[in-house]
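So that you can tell them apart, the chains are marked A, B, C, D, E and F in the order they are listed, and the count of residues begins at 1 in each.
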Amino acid sequence: MYSLNVRDHFMIAHSFTGEVFGPAQRLHGATYVVDATFRREELDSDGLVVDIGLASQQLSAILAALNYQNLDDHPDFDDQNTTTEFLAHQIYLRLADAIARGKLGSSAKGLTALCVTLNESHVAWASYEGTL
Amino acid sequence: MYSLNVRDHFMIAHSFTGEVFGPAQRLHGATYVVDATFRREELDSDGLVVDIGLASQQLSAILAALNYQNLDDHPDFDDQNTTTEFLAHQIYLRLADAIARGKLGSSAKGLTALCVTLNESHVAWASYEGTL
Amino acid sequence: MYSLNVRDHFMIAHSFTGEVFGPAQRLHGATYVVDATFRREELDSDGLVVDIGLASQQLSAILAALNYQNLDDHPDFDDQNTTTEFLAHQIYLRLADAIARGKLGSSAKGLTALCVTLNESHVAWASYEGTL
Amino acid sequence: MYSLNVRDHFMIAHSFTGEVFGPAQRLHGATYVVDATFRREELDSDGLVVDIGLASQQLSAILAALNYQNLDDHPDFDDQNTTTEFLAHQIYLRLADAIARGKLGSSAKGLTALCVTLNESHVAWASYEGTL
Amino acid sequence: MYSLNVRDHFMIAHSFTGEVFGPAQRLHGATYVVDATFRREELDSDGLVVDIGLASQQLSAILAALNYQNLDDHPDFDDQNTTTEFLAHQIYLRLADAIARGKLGSSAKGLTALCVTLNESHVAWASYEGTL
Amino acid sequence: MYSLNVRDHFMIAHSFTGEVFGPAQRLHGATYVVDATFRREELDSDGLVVDIGLASQQLSAILAALNYQNLDDHPDFDDQNTTTEFLAHQIYLRLADAIARGKLGSSAKGLTALCVTLNESHVAWASYEGTL
């Protein structure tokens, strides 16, 4: 299995609902350093997992739609705790959709799995991995 | 598959038995920077893999029982080479036990796998991953 | 010159005023991974720059007063852009005050300089360094 | 599953053929920081995944044969785009061969999988993982 | 003293002349992860060391002129060993010139020092720091 | 001012004397990831701060004399708390001595300062910097 990873980041505000969140129920924020890891069994005819330029560009575009936002006011996340693990899944869904629509190039149809990791500090991160 | 990781560290002395260990047969020591990665298929009702506060607290408690010790004198490790990979498994067993006893909260029963990684330097690490 | 560094982090929301900030004028947030670096010419009688336990504890207490807050509503920062570099200075002032009040132990009076660095992503950080 | 990782690096020049590579069609180069991750189900009789000394030595020998080279002129890579993901596979093959020939010790025959990761910058890496 | 750092990278081929370079006399290459650290005594009226957007943009433009090049053929570096420390100085000169020409904004005239660090692997880096 | 850094590591056991050390009074240990940073005003005639091969080799030799030791039994450290900051100074002294004796090459006589940093975990490090 081959994997290729690109990294970018975004910075948001949000709050959480539920006693389990303790002080994180207050409005606060986070920097998320995002790793998008693309996987496939065989390389394409250029010797690539995916066009790294297109992959970086699409990841950046997806993060730009979330960057510098208060996620509590974001229409996509009504009544939703935007935890790190939830956001990892959301970004996975958006990247998977971009792949399906051909935005990472035609050979990206050979991708079989995608993992999105959100690093939120030097001691914590969360990820979602799914097939494509 | 969702994953969530918390990081902590401990510092111990130990020695190894067996020619394969070369100079590491002498009494020496290590800092282990520990990553505990919790996995599950679906998030719980709060949108979480696990309560990160409880996870950090339990990992810290488990490491406190090993921290600032000479593992050669530790009753749990008689006649045992406490290699990095062995210790990763030991900490896995203790965290798995804490999960089973409910110490990471009731929703932690939805966890399906756990990986414990011990980073021993900028060039070496070992891990143990198992189901729960 | 000897230096000793301890690391911790905090997570906040804020917004900025001024065209120079572009999209960061919107309410957003950040994780700040904080390095506090203590400096002195000679070690104390225990062979230390500073009691690392007290240093970590005081840094943690100072960050706890900012953690999980919307800094736009914080009484200390009225009409103030809480940029990364500004916050580095604020934390410097609070740690310097803690040192002066003896909270890092009596030998901490031998400290001559302090640098506070706030890492805000994998590509950006800011710091303030001053004498004590 | 147990894993053990060792890290080393090499520095090469190369160019790529194909429009997808854009400016990387020009002769340029890269530092690759290499992680070799060895996996097995049970530890050997010394409590090890693999003899870390032999593993580091063999990885270093394999990288030495590529280090400080222009890969465009390397006889092993005629008419081949030496992308990061391709090189990860090549180093996997060479390490797998060294294991099969007993160069990592006899107990290394218990290894079941190997992952080779090439970190090419602070924002990109690629890997190949296969069974042994 | 305040500092603010932005990070980017570039990838080049080059060779060195002189026995001291050993195997690095051959054509090879490197990834350089570049940290540009801007310093000043007081923050500007926006509470900034420098406009981080302009700083990142100018660093990126300077690195783009070197990226994906064989430095042995670069007209600026005739008969010059393009060592890591030499390149750190070159990038310092180019950034200092951009500051002087107002490309980082008018308040950047308050900057007093600049440090450029080139990280070439997980075990080596070089930097040049000078006043402005 | 130019700087060049090389990194290596060593692993030791030790204990501390004095109530300030709390549980670290017990025999324990540490991995120290060591950064040796060499500084000078002008590059030598090869465009170098120092011969990186010789610098790495001498650092490695100095660390080898400490590696896999119980520092409580080391003749050089009788009745001495081998704190991280103390060890940073010790390694500084040994590297400075190697430079003075010509072991880093004749051009190393142009070095003007040396900083030795010991990273002991993901949250703590200490260093000693002095002139040469």
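Here is the rule we use: a contact is a pair of C-beta atoms (placed from the backbone, for glycine too) under 8 Å apart; a residue touches a chain by one contact, two chains touch by 3 or more.
Only a predicted model underlies this, so the values are computations on that prediction, with no experimental measurement involved.
**Q** Strictly by the touch rule at the top, which chains does chain A share as contacts with chain F?
**A** Both-contact set = B, C.
**Q** Compared with chain D, which chain's mean CA position is the farthest off?
**A** Chain centre farthest from chain D's centre: C.
**Q** On a CA-centroid basis, which chain has its centre farthest from chain A's?
**A** F
**Q** For chain E and chain F, what's the span in angstrom between their mean Cα positions?
**A** Between these chains, centre-to-centre, one finds 27 Å.
**Q** List the centre-to-centre spacing of chain B and chain E in whole Å, with centres computed as mean CA coordinates.
**A** Those two chain centres are 41 Å apart.
**Q** Please list all residues of chain A that touch 2 or more other chains.
**A** Residues 7, 122-123 of chain A touch two or more partner chains.
**Q** Can you list the chain A residues touching chain D in their complex?
**A** 1-8, 43, 46-49, 51-53, 56, 105
**Q** Applying the document's contact rule, which stretches of chain B touch chain F when the two form their complex?
**A** 7, 9, 11-14, 23-24, 26-33, 67-70, 119-123
**Q** Sort out for me which residues of chain D touch chain A in the complex.
**A** Touch list, chain D to chain A: 18, 20-22, 80-86, 88-89, 117, 122-130.
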